[in-house]
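Input: structures, listed below.
What follows is a pair of complexes built around chain A, which joins chain B in one and chain C in the other.
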Partner chain A sequence: MIALLIAIPLAFAFASIPHERLGRYFLPFVALFNLVCLFFFMQPEQILEIGKWPAAYGIVLVLDSVSYPFLIFVNLLILLMSLSATLENRYGTLMLVLTAAVNGIILTGDFFNSFVFLEIISVIAYIVAAHKDNALGAFKYLIFGGIGGTMYLIGAVSVYIKAGTLNMAYASFITDPLAVPIICIFFLITFLVELKVLPLGLWAPDVYSNGSSFTPVALGSIVTVSLVYLFSRIFLNIFDLPSPELVGILAMVSIIFAELGALKQKNLGRALSFATISGISTVVAALSIQETEVVSAAYFYLFNDVISKFILFTLSAYLGKRGFKSNKTAGIAFTFASLSVVGFPMFAGFWAKYYLLKALFQVDSYALPAVILIAVVIEAGYLIRWNIELWYKDEEESVLEHGKDTENEEGIESIEEIDDFVPFGAQVVTLILALTLVVIGFMPNLIHDQTMNIANNVLDFRPYFDLILRGGM
Partner chain B sequence: MRRVWAILVAGVFLYFLIAQFLPIIPDFGNADMFLRVSFDIISKSTTSNYNVVEFKKSKDLEDGSANVVTSIVANYRAFDTLGEVTVLFCAAIGVGILASVLKPKRKIEFEEHRVLRISTGIIFPLILLFGVYIFIHGHLSPGGGFPGGTTIALGVLLLMLSNNEFKVTPVAKHIEQVAGAGYVVIGLMGLAIGGVFLMNFLPTGVVGNLFSGGVVPIVYILIGFKVGAELSSVVSDLREG
Partner chain C sequence: MSNIIYYVSFILLGIGIYGIVSQKNLFKQLISLSIIDTAVNIFIVALGYVQGGEAPIYSAITPVANFVDPLPQALVLTAIVIGVGTLALGSILLIHIDEKYGSLDPDEIRDTREVVE
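And now, the complex of A and B:
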């Protein structure tokens, strides 16, 4: 039954080939179908051995209390993106395949199968990155991502050489403990590339700032969440993270450099890209500590970061060079999201930072809190600057500027369309997300209980192994 | 400065490969097959006890393909193959999008040659037949859907080289649609009949016969059509944009 989460999006993607627009119309319904299935028909703690082959021989899909919340979150993000983004050409079809691939990478319990889904995600990511004629950015990503993907493949092959099976649970049990750290280095390189930890994440600013309404959302939110899941599964659940101190230091350096990079940018898209790098690096640094409270806080931080960046990127794509004077709804959502990223009280971001700092102090870790506090100061600096700039932008001047930039005919059109340059769907979605941040700000336990549950389960290998063993060997 | 960094990173990585990674992998020709799942997969005994598999004699095994690569690709790990088909599908869409966006309205023309055109007319049906042979016999001999489809697409490329008027019609897109969705539908039929996605729900027959292997030949025929149509569209997109 859980295979439907992958099969249905794929079937609709294949079915939508002959007509360019069909994929775009299928997408919200497919995402909704997945959510309905997840809420009403699929409950955690079940596995599916595809083709009825025993777990060690074939491929197994696992729905446990770690993957379940991640699946709901990712499918929710896809549903919201399908309403807020402008998907022209065949991008709708690609997003359907992306839905299948992120569901697959979260569900799978097999190393090679996770590589296949990673491959699909990468191919889609390169195409999506090239949107709006951003060939150079996409090419940079292709090189970084290609190396990362190859490393993952070598890692998967090495697991098979040492364990004789590709199943994650069995491999963790069988693999020679001396070989594990060496194999894990390969996986780690992939994750540092895909999770944009500097210097391996240098591709991100060029890709995310292409001005598309879905590239940064699809890659920065949806794909990132699924890869944080895979990172946790491999390094917290199945194997151990190789040299966690080194990963922590690398991530901390990445946070500082990314914030400084964001401060220097003159372009909103690039500034936000660097802010995303810093956000995900914080999550990686926190996950590398491997303590329940810290890991839980890291997931809370991820939740806040992903939702805030969703709002910021979507609005910045539609704004172009205009300000908020003529569109106050968009402005309010943008400001709320910025305040939540900074960690202003009353927003989810405050609790994200509070829980993280509290948990870090509890485990006597002081370097990361210092880095996070420095980052907050820098972040507040540039995000408030951008907010002031966009709220006080002189509208007519910027419209004329905008008109000049594009062709003359389009310039006249853009003056007429000034009142609704952010599409209705995007306005509603960003507003709902901004309100979610406020609601979580008042009731942080809604998310905190969930993240604690995930953290407790992800750090305990036993239930995962038992679940797969129960499927039979 | 950049070059120094590059040399440094490459040096560290090479050191890691040679000093750390190479010692943990077994010597060439020294892998222990009995400790790997592939041993049971080759002897077709993952769900039953070990039995000798005999060509044209063994009957109703858990997997009926004589070609062991096919039995892994299209049966034991059919889900990965569905993923790989999707990778190719995405790549084809990507070529279509990039060719139409980055350089619209361009067409590559070739010098037409009478000998080439007439000989292509003779050889094209043979190429088509050969491609079809490769994917229909995928479960018996080396081959399968991917090489078979590629062969067909090469035939289409030959038509394009010899005749500037030749065009890949939208029929290719429909073939792609039906074949791709068909693969998922076969998986869903497994779910409906056997309760598990991508289950081999047909009898596997005698190893080595044309009609054996259960759903494997059907899957390979679908993949063959899909890959052929997809690569033909890629070639056409690259030419016309």
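And now, the complex of A and C:
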């Protein structure tokens, strides 16, 4: 049954090839189907042995208490993206394959299988990154991602050589004290590239600022969440993170440089790209501490960051050179998301930062809280500046300028059409997400209980291995 | 003697990484990435090699034989397919870049972008 989460999106992707435009209509239904399956027909703690091969010899798909909430979150994001983004026909099929791949990477319990899904995600990501004539940004990503993928392959094969199996659970029994850190370093390089930790994440600003309504959402939200899951599975559940202090320092440096980068940007898309790097670097820094409370807070932080950036990127793609005067709904959603990113009280972001700081102080970690507080000040500076600029923008002038820039002789007509600049679907989705941030701001336990549950399970290897063992050996 | 193949793969890996770091031309960077892929594939195949081993085909003639490990070979086949796909995609992106900027040199591309902006 759990294989359907991969098979159905893939089947619809193939079905959409002869009728290209059907892909984008299939996408919301497929995401909805996955969510219905997850909520009503699938429960955690089950595995599927492909071809009835026992776990140590074959590929297994694992649905446990860690992968289950991640799958729900990712499929929810795909559903919302399919409703809010302006997908061109040819991208529908790609998004269906991406859906299969992210579900696959979360479900798989096999290192080589995860490499294959990772590469599928990467190839789609390169194509998506090239949207809006952004081949240069996409190529930069391809070079970084290519090296990252190769490192992951070396890591996966090294696991096979040392453990005699590619199964993740059995791989944890590698006894060679020298082999494990070396294998982990290969995996870590991949994650530093894909999770955009500077300097290996330098590809991200060029890719996320291409002006597309779905590139940053697909890569920055959907792919990022699935890779944070894989990072957690490998470094918190199966192996130990090699030199966590060094990873933490790298991530903290990344936070500061990303925030400074965001501060000096004159383009909103690029500013948000740097803000995303900072957000995910914070999550990596927190995960590297490997304490239950901190890991739970890191997932809460991830949740807030992903939802907020979803709103900000979607609206910034539709904004062009316009402001919020003629579209207050979009403006409200944008401002709510900005305030949540900064950590303003009454928004989910406040609790994300509060839980993280509290947990860090509990484990006597003071460097990361200091970096987070510095980042908050910088973040508040540029996000408030962007909000003021967009709310008080003289739209007639800017649209006329836009008309001249693009050699559009009908610039004045554009002013009349200004009210509709954010599509209805995007307005509804971003407003719902913004209100979700407010609701969680008043009821943080809705998310906190879930993240605590994930953190407890991800740091305990035993239930995962028992589940695999129950499948047979 | 049997370790030579490992040295070859490490030398190729070094050449590939050096190419990506040192070469400005985007096409040369793509070729360097391809060299890294090849190096890793050679490394993986070498890991499964058994001195004097047979091809891993089970039959009545070879019911018990000194088979080489077939799994790394299967992994490499998949890795080759993925590598070729990435190479093809990279080439397409380079064609688009060349059409847009008239060059594959980052400095010239930057100059062209500044003129356009």
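Note that in this section the second predicted complex is superposed on the first by the 462 of 473 C-alpha atoms of A that agree within 3 Å, B and C clash if a C-alpha of one lies under 4 Å from a C-alpha of the other, contacts with A are read in each partner's own complex, and residues count from 1 in each chain.
Heads up, the rule we're going with is that a contact is a pair of C-beta atoms (placed from the backbone, for glycine too) under 8 Å apart; a residue touches a chain by one contact, two chains touch by 3 or more.
Just so it is clear, the model here is predicted, and its values are computed rather than measured.
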Answer with first, second, both or neither: which of chain B and chain C does A:I161 touch in the superposed model? both
Looking at the overlay, does A:V116 come into contact with chain B only (first), chain C only (second), both, or neither? both
Across chain A, the partner (chain B or chain C) reaching more residues is B
Would you check which partner chain A:I185 touches, where first means chain B only, second means chain C only, and both and neither mean what they say? first
Answer with first, second, both or neither: which of chain B and chain C does A:I147 touch in the superposed model? second
Go through the superposed model and pick first if A:A135 touches only chain B, second if only chain C, both, or neither. both
Does chain B (first) or chain C (second) touch A:G104, or do both, or does neither? first
Touch test for A:V458: chain B only (first), chain C only (second), both, or neither? neither
Give one of first, second, both or neither to describe whether A:Y126 is in contact with chain B, with chain C, with both, or with none. both
Intersection of chain A interface sets (partners chain B, chain C): 112, 116, 119, 123, 126-127, 130, 133, 135, 160-161
Spell out the part of chain A that touches chain C in their complex, as residue ranges. 112, 116, 119, 122-123, 126-127, 130, 133, 135-136, 138-139, 142-143, 146-147, 149-150, 153-154, 156-157, 160-161
Residues of chain C touching chain A in the complex: 17, 20, 26, 29-30, 33, 36-37, 40, 43-44, 47, 71-72, 75, 78-79, 82, 85-86, 89-90, 93-94, 96-97, 100-101, 109
Quick one: in the complex, what on chain B touches chain A? 16, 20-21, 24-26, 31, 35-37, 40-41, 46-47, 75-80, 82-84, 86-87, 89-91, 93-94, 96-98, 100-102, 170, 173-174, 176-177, 180-181, 183-185, 187-188, 190-191, 194, 196-200
Could you please specify the touching residues of chain A with respect to chain B in the complex? 1, 3-4, 7, 10-11, 13-18, 48-54, 56-59, 89-91, 93-94, 97, 100-101, 104, 112-113, 116-117, 119-120, 123-124, 126-127, 130, 133, 135, 158, 160-162, 164-166, 176, 178-179, 182-183, 185
